[in-house]
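In order of appearance the chains are A, B and C, and numbering begins at 1 in each one.
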Amino acid sequence: MSAAEAPRRLRARVRPPAGRTLGASAAVLAALVVGHVVTSAFPVDERVAAPFVREGAVGDTLDLRYARLTVEEPTGSTVLAPEVGSLLATPGVWLVVPVTVEAKGQPRALAFAELLGGDGRTYTVFTGGRSAFLPGAAQPGVPRYATLHVEVPPEAVAGARLRVGLDVEDQRHDDVAEVDLGLTQADADAWSAGDTPVRAPAASDAPPEHP
Amino acid sequence: MTTTVPSPATTSARSWWRRNRWALVALPLALALMAAASADRVRSLWWEQGLHSPTTAGQGQAVTFHQDVRDGLGGTRPVDVEVRLDAVVDAGALPDGLVVPAGARAVQVEMTLSADPDVVLRGCSLAVRDADGTRYDYVADAWGATQAVSPCVPADAPGPAPSLGDLDDVLTPDSTPERPATWTVSPVVVLPADVQVSDVVLWWQLPQHVVLPTARG
Amino acid sequence: MTRRTHTTPAATGTRPLVGRHVRHPLHGPTLRRVSGPAAPPGLRARARSSGSRVARRVLDQPLRRLGVVGAVVLLAATAAFGGLEEQTDDGLEVLAVDEPVEVAPFELTVQRVVWTTELPGQTLSEPGNRWLGVVTTVRNTSDAGVLGTVLREALTLDDVPGLVGAPGDLGVPASAVAVLVDGSELSPVQPGLAYEVAFLFEQDGRTPPPSSVAVRLQRHVWGTGSLDPTAGWRDPTTVLRGNLPAREAVTDEDAA
């Protein structure tokens, strides 16, 4: 190959044979198919982003990254007496759960809660509204006494578990407390039959007066 | 005369290492640079979310603090102040209505500050820390009492308010008297009874903050 | 044996650069616009000599047409990796009273449309205005509680003059959704419970009270948005619309 012809040869447009092009296209399509199967076949996204669940029972003090949490004995009724406003009624049953929060490291304002009902459904608890949990900022070392109230159908009471966490929107990769409330169908029946209003006091640093 | 011929395995192995020695030397550096290049979120999600840039005072001495605070309107405004911690004592006279919970105590943080009267100092945050680094915040509206919103300025003469851009024209002009050049404040913080305060931290915008060690800290 | 197509005289005797099958470029050093067949002349010559009419006709097509066919084949091939995802079909049905309708994540049964000037627990923005209430039974048919903001988007009013609320893309949303028995705002909407609520709309007192209103029901889709990776109920779309009669509220009916 002469020196003058080599550059001319390089400038000429060479095309690979048809078989090679077809093979390459087939390989690209195969890679796309395999990629789709791999990303959609196994549901790993939820597990990778899952929170660290710390389990416990009523009365146990759960040690989370950001706070020490104790869930006390729940009560219930068909009528709720909130701190502010008039009585609230529900087509199901009100569940009122006292929660004690002691922050660790710096002041923490817990805002996330949800109830995993015994019927398999998830009952949302927001920072305000009919089903609410709002403890406010807790000073480290100074226990904060808050109350969570949620309305559920009676079939969700038996076997219900309560989850409490820090950030209301995002609990990924952080500690979440899960407490088995130890409720039975007998509790559900008793509460759906009664209409004595159950109190849901606002959060405070003073322990609630025990009747 | 016999010469030993090196086996093909050792020849190629030695030559691979030799061939790639400079790349191997550069590899740790390249990995570090790669980590640094993809670490821009470390700044916004961690560095700027905590107390990471201290200006520490000598015990009992004043310290000059300067920060260009982002003003929320695309620019910055300067914070120039001199702070001295006078004492951290058990609060003698509690603010009106303050109820100290069981197992807790109230401490009074006495500080002397001096700054130019037209420097905006409203919107500061105060906390005390113990030897472990646990932070106990000053909360203006808690435990039954209402204290000043900004614990670092006098309640009756807090000085200029931060600018709100176009809203400034609509708001009523500030009628509080001019802030003095030097003043003292004594906000009250509620914390557990068995905690020993080792320093006081004061900040306007994270991560820069002033650290004022106490006599014990 | 090396197969070669046309080689330039100058290149004869030189080693091929790439592989064994070196195709000669279609054009020489000077460029011409392609308007003829796409296939190189050598391939076409072989197709003609092979006697297959299909091969000859395919290779005689201009590049434009081959491109279209190729694109269609490529699109069909996307079926193998998700190209055939189901699309929901749309069509606006007629809304009737007292008929439960599935508008994900809710099942709504519109019972009546009433208006009143006094509603305890709710304040009018201006005296003289009135409240239009669409009394509905709401049931959350999904597996988890849903915030009240999603319920507000599920039922809107259309073509009602004098409404105080600003209209959105899908009609005017309610200013409040009040549970009839205690007057509280319904949020969050828990699954497994049937709530009797009134969707409240404020109407200017100067317009005469309506005798009928157009009610629209929207359904949501569970998914992630393009900018927001959190999963939620989004993209409300109207699926039912109906003209319902409106009347004045009788005293024993409405919210406490």
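Convention: a residue touches a chain if its C-beta (ideal position, glycine included) is under 8 Å from a C-beta of that chain, and two chains touch if they have at least 3 such contacts.
Note that this is a predicted model, so its numbers are computed, not measured.
Arrangement of the chains shown, judged by which pairs touch: a linear chain-to-chain path with two open ends. Chain nearest the geometric middle of the protein is A, using mean C-alpha positions. One inter-chain figure worth recording: chain A and chain B are separated by 31 Å, centre to centre, where each centre is the mean of the chain's CA atoms. Rounded to a whole number, the gap between the C-alpha centres of chain B and chain C is 47 angstrom.
Distance between chain centres (mean CA atoms), chain A to chain C: 28 Å.
Among all residues of chain B, none touch two or more other chains.
Annotation for chain C: no residues touch 2 or more other chains.
Counting only residues that touch two or more partner chains, chain A has none.
Considering their complex, residues 10-11, 14-15, 17-19, 21-23, 25, 77-78, 80-82, 121, 143-148, 179, 181-188, 190-196, 230, 256 of chain C touch chain A. Residues of chain A touching chain C in their complex: 1-2, 5, 9-10, 12-17, 29, 32-33, 35-37, 40, 85-92, 114, 117, 119-126, 129-131, 150-153, 155-156, 169. Residues of chain A that touch chain B in their complex: 104-107, 137, 139-143, 205-207. Those residues of chain B that touch chain A in the complex are listed here as 99, 101-104, 127, 133-137, 139, 142-143, 190-192, 195.
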